[in-house]
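Presented below are the structures under discussion, each in the form of structure tokens.
In what follows, chain A forms one complex with chain B and a second complex with chain C.
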Partner chain A sequence: MNTPLLAVSGLRVGFPAPGGRRLVLRGIDFEVEEGTAYGIVGESGCGKSMTAHAILGLVPPPGSIAGGTIAYRGQDLVSGDPSAWAGLRGRHIAMVHQDPGAALNPLFTIGSQIKAIMRRHGRARSREARQRAVSLLGELELADPAALLDRYPHELSGGMQQRVLLAMALAGDPDLVIADEATTALDVTIQAQVLALLDRLRKKRGLTLVIITHDLGVVAQTCDRVAVLYLGRIVEEGDPEDIFLEPHHPYTRGLLKARPGEQTQRTPLAVIPGSVPADAANITGCAFRERCAFAMDSCRLEDPAERRLSDRHRSACHLEGGR
Partner chain B sequence: MSGIRYLLRRLVLALLVMLGALTVTFAISHVIPGDPARLYLGARASEEAIVAVRADLGLDDPLPVQFVRFVSNAVQGEFGYSYRTKRPIIEDLAERLPATMELVVLATILALAVGVPAGVLAAARFASGFDRVMRVVSILGVSMPAFWLALLLQLFFFLWLDLLPLGGRLSQTTSFLHPVTTLTGFHLVDAALTGNWVAWRDAVAHAILPVVVLATFPVSLTLRMTRASMLDVLAETHITAARAAGLHEREILFRLALKNAIVPTLTVLGLVFAFSITGAVLIESIFKWPGLGSYMLDAILNDDIPVLFAVTLVVTVIYIVINLLVDLLQAGLDPRIRLGESSVG
Partner chain C sequence: MTMEHDILLDVMNLAVDYPTGTGIFGRRRGHVRVLEDISLRLRRGETLGVVGESGCGKSTLAMALAGFVIASHGDILFDGRDVLRLDAAGVRAWRRDMQLVFQNPLASLNPRMTVHTIVSEPLVTHTRLGRGERRRRVEALLGETGLDPSFLARYPHELSGGQAQRVVLARALALNPRLLVLDEPTSALDVSVQAQILNLLMRLQAQHNLTYMLISHSLGVVEHVSDRIAVLYLGEIVEEGPRDEIFRQPRHPYTQALMAATPVVDPSKRQVHRPLSGMIPGPASRPRGCRFHTRCPRAWSLCHDTRPRPQRVGDGHVAACHLLTP
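And then the complex of A and B:
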């Protein structure tokens, strides 16, 4: 088996808190094969964005990586030279942020923002940069790309801004693109367009994608592998068929039940009872047990270890076989 | 398109404010007690002389006529004669204003050249040793009384170290042997333009202490403002996005973030520039700097009303012009301002 493009193992990220460190990522393991799309799903505050920023080495201070490895093409970045990690950003690993309105600098034209990234990564000299930026925006199916270069972010619609952000991520010609809730701010039709575009770009450019979202529909449409994240831990991972057709972890099942599309009558939407605990560190046993309908004594005593359900399907739950 | 409309709107607005300032000044001159003719001639003037001067100064004309004359004179720089020196005020201003502007402009350049980069670096190294030192220094700078700092510096650099002169714009020897030819009124510029390096060095030595004292407040305030707005900007998503795109930290700080952070800082800098002109009153007195401040102080002490009005008008005009420049500069930096919305908070 060849080395995965990205291999995250035992990743822990913590923030200083009274009486020690509070972990927001509590040991994350996953691997992304080159050329595939990997989906990370979870609700707000589960550590999705933190995972994305950690991969880029951009955990916001005062937080820091507390342990584990992040290997890109087999090279661990956490223990390696920080400048090597910095050298990957934009050029090998790029990121598309959520909320395109906030992720574009309001005082610079679209052109100057894209060209700055191209110049930085030696993808174009100043003279060709404009031409390359035009063709990149064209590739993202934006109308009249040449005129767009001289416009400011606030003059663009949300969908256009999102495509510009994608263009900026691709400006350094990276291999891996992390899309952090990249379609969340868009309305549904635009969202579908952007997802389809992302998929075409992946095939055309041979990109590897990590798609972070709270929307299971997005994952179903685009991903080859899916991880479900709860409170800084991957509780279930598998192929989309595993996750959608044979979910094992009660949290995954709750998420699937809570999708509005599943309902045909005007019945109240299914919800997962309770809310995400504020502090995972103080929980003994399984972090989900207080919201779990199947909680048993063993759930209170020990955090469930990961179990292989099949070759490509794993879950961190004490339940045997589920249901 | 929107840029030109914005420019025109700002210009019209500035003219209206100026007209308002003229109206208020004119109104005050007619409300304050005391007969200008009597003030002009002094306490022991005869009634006939006073009547003659009243007619001469046009004080008997109807108010609207006087107002129109006042405005048209002011526009042409005809501020009348000083009661005290009996010289045309405009001639006094031509000597005094450049001297003050020299101090204020240098102080503002210092604020930009020192305050802004120090603020950027303090924000970039938030909570570091450098940031802590900058915070202490800048809070001292904004709260320290200028006269106290001035005396302290004089004590240190003149009396103890004997490095810098006590006051004045040039030493007397230099004025005699190497007089500065007046071109712009700025000694430093004039001496450099005429290649008079002996006078230039002397002028620099004389300017250092007053400029440092005058600049302490603007530099400290600019530092604090830049630091605060840089901290806001650095927390924004587009900065994280720029980092994720692998851009150099230098480019992120001084190009991407600073352009955002400088917009609110410029507002403060503009106000401080205008404020420094009045702030110079005290500092010019301490350093015997023959500028607008000491001129105004003499006028206040001698009831020299026309001079006070002239100085008030000049300072008002400078205020308006500076604020106009700041507005235009900000609109140039932030395209959203050109739309006429104040989307920058």
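And then the complex of A and C:
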């Protein structure tokens, strides 16, 4: 296989805490092949967004990367020159955030915000920039793109704002787009439009996507590979068929069973007891064991190493086999 | 068929208008209609799920039931009493019988009050219970919602989202209400915590013979807990009926689109359909004719200028669409 576009290995991110450092990412490994969509799912506090920020080299201070590598086209960014990393941002790796209202500057028109990015990355001179912005907005199926350039963010609906953010992410013509809960705030019919659009862009431009979400359905519908994150660690990774049809890790199984709808009518839902703890540091052994119905003695003693269930399916759990 | 005395809440032709800006001297310049011709019936002990996307009027419906916004038209009968025309004593009784629960539990709790103060507040306002009796009642309420007495002295910021929603529910149950209007009660919670709260809601309903109106954008949540379902689009009910009928045989093109757009976790069932095009119009720019015609894949000339009337399409199942006209 060729070098993956993005290879994250042993990534650890920590924040200073009384008596040492508190790790919010505890060793993350995954690879994203060019032109594919990689899904990262998990509940709040599992480290989804921190993973995205770390890939961009934007871990908010006082946090910092405590170890591991992030290789883009085979080049490690963590040990490399910070300015090289900065050079990738926006131009090769772009990000779409969850809340478009907060990500757009309310004082500038849509057009000036998109054109600024194009100029910043040398993708177009001022004269061409307007033309390119119009065609980009058209590509995102926004009606009347030329008029849209002169409007302000507050004049647009949430769905339109989200498309504008996507246009801004694409303005630098990146190879990799990280979408962090990019469709969470949208209504389902609008979400379906944006997801279909991302899929088309992936096919048309050869874009690579990392889709970060809490919604298992979104990942099942759009991704080629899926990682389930729990307390700063990937507990299971596989193809969508592995994760959704033959899940191995009790956390993955619990998440799938806790989803209401489809055949659960008015019966009590399977529940994962408790909630995600704030910190993994106080838990010995497996971080999930206090909420796990299958916890055994060995779970208390050691944090399970990753096990390969098949070529493309791995799980960090002491339980034998699949199910 | 349904007997009149089975009906706890009867909403008839309800309409709500919001003023659009005020002119000089505070005169109203105009208004937009955010709910139009809403008729709904809730039987005792059942759950009516109300689904729809942003701007469809879901939350306004909850506010209108609580009297926080004034209805422009229509009647709301609760147990035969007209709640839009109550005297002061009647309003107090209505406030006890009907309780609202909102989406963000932490925003519903006063950050300066302890859990004990929060849950006992309705008892102070509406009952003559003494201090000791109140404390026992609060402890019992917390117990019912799955919180032990150690929570009494805590402040909202010390609670997780799921715990905060349990406190909100304990407070809502304090006065033995008969109807709970739940506006996106689990939308702010993680999947695993959402499952706990949905289970709790179903248990409380069985124990107290509660009637629920559950408002949500999530078809999964609504499918799980509801007996009947009403689908709202731009302030109107486009389809209403028994849960199984709505999910197995959705008749309105909007209901069908909503279901097709909801991502399922089975990767072998990837969506091949083309999603609905266009944006959801705002209430101020509601299209004429059928409100859905601007996004409907099957709209034809009649849909552009004539509003479809609700048609009976099954037992207790109605939908408002010209395609269903016999």
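Going forward, the second predicted complex is superposed on the first by the 316 of 323 C-alpha atoms of A that agree within 3 Å, B and C clash if a C-alpha of one lies under 4 Å from a C-alpha of the other, contacts with A are read in each partner's own complex, and residues count from 1 in each chain.
Heads up, the rule we're going with is that a residue touches a chain if its C-beta (ideal position, glycine included) is under 8 Å from a C-beta of that chain, and two chains touch if they have at least 3 such contacts.
Quick caveat: nothing in here was measured; it's all calculated off a predicted structure.
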item: Clash or fit (per the criteria above) of chain B with chain C on chain A; value: fit
item: Which superposed partner A:Ala17 touches (first chain B, second chain C, both, neither); value: neither
item: Touching partner for A:Gly158 - first (chain B), second (chain C), both, neither; value: second
item: Chain A residues touched by each partner, larger count belonging to chain B or chain C; value: C
item: Partner chain in contact with A:Ala147 - chain B first, chain C second, else both or neither; value: neither
item: Included angle at chain A between vectors to chain C and chain B, based on C-alpha centres and rounded to the nearest 10 degrees; value: 80
item: First (chain B), second (chain C), both or neither touched by A:Leu104; value: first
item: Contacts of A:Thr189 with chain B and chain C, given as first, second, both or neither; value: second
item: First (chain B), second (chain C), both or neither touched by A:Ala220; value: second
item: First (chain B), second (chain C), both or neither touched by A:Arg120; value: first
item: Three-chain overlay, closest Cα atoms of chain B and chain C, distance in Å; value: 10
item: Touching both chain B and chain C, residues of chain A; value: none
item: Contacting residues of chain B [partner chain A, same complex]; value: 236-238, 240-248, 251, 256, 259-260, 263, 333-336, 343
item: Touching residues (chain side chain C, partner chain A) in the complex; value: 53-54, 160-162, 190-196, 198-199, 202-203, 217-221, 223-225, 243, 257-258, 260-268, 270-271, 274-277, 279-280, 282, 295
item: Chain C-facing residues of chain A, complex; value: 43-44, 141, 157-160, 187-193, 195-196, 214-218, 220-221, 240-241, 244-245, 254-256, 258-262, 264-266, 268-272, 275-276
item: Chain B-touching residues of chain A, taken from the complex the two chains share; value: 53, 56, 58, 60, 86-91, 94-95, 97, 99, 102-108, 116-117, 120-121, 152, 154, 165, 168-169, 171-172
